[in-house]
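Letters A, B, C, D, E and F name the chains as they come in the text, with residue numbers starting at 1 for each one.
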């Protein structure tokens, strides 16, 4: 039977495209020296325990997380960039991602949505460039 | 051709079950005396313009809004109550609603999720009671 | 020459109508046993130092504070109630207060504004009742 | 009779000085390719419906919006930059803008106010340079 | 060797006084029907993994959590009540708890601190009453 | 007897190491031209009145402030950088600072903690470089 770490790693990989966009592995590597356990918690708890639960599709989980980060404001912009990539890897289209941000205008106002769309535009372009490279 | 108000009213009604749970019409009525235009903006802009856009299903829009309100903390609890009802009317199951809240634990922490689940539990019970009444 | 405390007390009184609405003095009294210095800081720093500065009218200061509390979400509802009263005492009309909340819809979204308007409505009613009493 | 778009465009222009500072038109242009309707909503809803309402002066509306963005924290810094420019175009003086930020110290604490003042300083300098250019 | 659940349960108990104040067990019980795994995650991840780490004393961990909840605004008031109790059970004095809230005035402003102190006052009284009962 | 300004300046200096890391004096200097009183309020109120109170150690005060800024999200990153330096100057170890951020994962979620750890890593490196220079 798989450990939480193995289950989490497998799930995290299914949300990751190492060819395209920034990903959790780079981020965890960058903090490995000062916070070695951080990556373990992300893999075991976030991806092993939570993302592995039933009743919601991968796309719906990605949508839920994206909406939360947009709502948190660009205070979470680096994280937003990461999860726009995750959402695309989970199978959401660029149009669905933009649309989920537009849907938040009446609930968080224009400023946070504008910051999020600006970040989305940047991610879409980077992925196109990487794909063409 | 329908006006924005007519389109919005139709869309809002499709997210409303006046038999069950609290709904936007009660809320707009309560503020009609001091802010008569508020209801018009909710119907024309939020439901007429935004909820009527393409590329996302009703369920996905409800999920996106729910995630945003959970992230805003119980500062938006009265609104959260309203949109848990909206989400159920849009066709999300209780399990999907709970699951979308559980998915946010790694992104907003336990306290906001616990407050949201407490509110969801209250709404589910009220709807059962109204259904039995 | 007046002390900061005397200046602050005078300024705070100019924003207070002990006949109507809740006020800072009740609030400071309620916390006097566990946080005796809190009231001193509110009077000396908030009202003595800050509210006494130049370049903005009393109404503009009240408007700025109100907008901040609406933006903080109903997490600050008890404070919002206090400062809706302060704003009225500073000479803003009910219409101007409602209008400043409506102006925030594109910047914070409907939920926080709806919570704020609900609070404003409550305060306006209480003051009318006290006036009639 | 003017359409909401025409009314909004006229109002937005009255808050814009294309010679000085960043403005909404640049911002909407930048997102036109991925979110073509965003600009329409900003013009029709924010400026056509909301900014055009009665009972508050242009300066008071600008002050209210500025206070909200300062309170939202530097998560909205790009938006704050935009609206410091809007506030100056609406006729608020640099001193009034700084003062409205100082007034928020007791309500949001020093960090958000320091970030806001740093942004204001940057905008004031850029406008002076553009004016001298 | 202890499981994460056993370690977590032991740690959680060391922060709990079932005689006094509200506690996590009541809270988890209340949500058991709709979110049975929530309690497991709180015990295994929050208390088993995180609270069990080295380099910070129990008091310092309680202080850190308290400061975070005060900063989140009264959106987390029910949680704040829980963690004021946790902090007292961890060995912080009432004076230290009040002081940590006063220390936040320059960083979050008066409103959030006033809401937090009001909550602390309520918890202190309830515990005295329970102790006398 | 010392004035509030003298007391505050002395306290602020005890949290400052002008050799290492960014500090309040640079920050106040940068805003002196547009907000000359800001520095006075930081020294008199924040450091003179608040940091000088009893019942909490310097380390505990630094820990409380750090936790608040992490919770405010990277909206306060420039301030967070300042207070990571303040915390080190107050005698907290790098390990204790990292640990206080890890402790917040269950209360604010991974994104804000990841942003904070990234900032801490940057500050630790800068101080090492300055020390070696």
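The criterion applied here is as follows: a contact is a pair of C-beta atoms (placed from the backbone, for glycine too) under 8 Å apart; a residue touches a chain by one contact, two chains touch by 3 or more.
What you see is a predicted model, and the numbers here were worked out from it, not measured in a lab.
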{"item": "For chain B and chain F, chains touching each", "value": "A, C, D, E"}
{"item": "Contact-richer chain pair (by C-beta pairs counted) among D-E and C-D", "value": "C-D"}
{"item": "Listed pair (A-C, B-F or C-E) duplicating the D-F contact set, over half by residue number", "value": "C-E"}
{"item": "Remotest chain, chain C as reference, centres from CA atoms", "value": "A"}
{"item": "Distance from the mean Cα position of chain D to that of chain B, given in whole angstrom", "value": "30"}
{"item": "In chain F, residues with contacts to at least two other chains", "value": "37, 41-42, 45-46, 53, 69, 72-75, 98, 102, 104-108, 110-111"}
{"item": "Pairwise touch network: line, ring, star, complete, or other", "value": "complete"}
{"item": "Of chain E, residues touching chain A in the complex", "value": "37, 41, 45, 49, 53"}
{"item": "Parts of chain A lying in touch with chain D, wherever the complex brings them together", "value": "72-75, 94, 98, 101-102, 105, 110-115, 117-118, 120-121, 124"}
{"item": "Complex interface listing, chain A residues touching chain F", "value": "27, 30-31, 33-35, 37-38, 41-42, 46, 69, 72-79"}
{"item": "Chain C partner contacts - residues on chain A that touch it in the complex", "value": "104-111"}
{"item": "Chain E to chain F touching residues, read off their complex", "value": "42, 45-46, 50-51, 53-56, 60-61, 63-65, 67-72, 93, 95-96, 98-100, 102-108"}
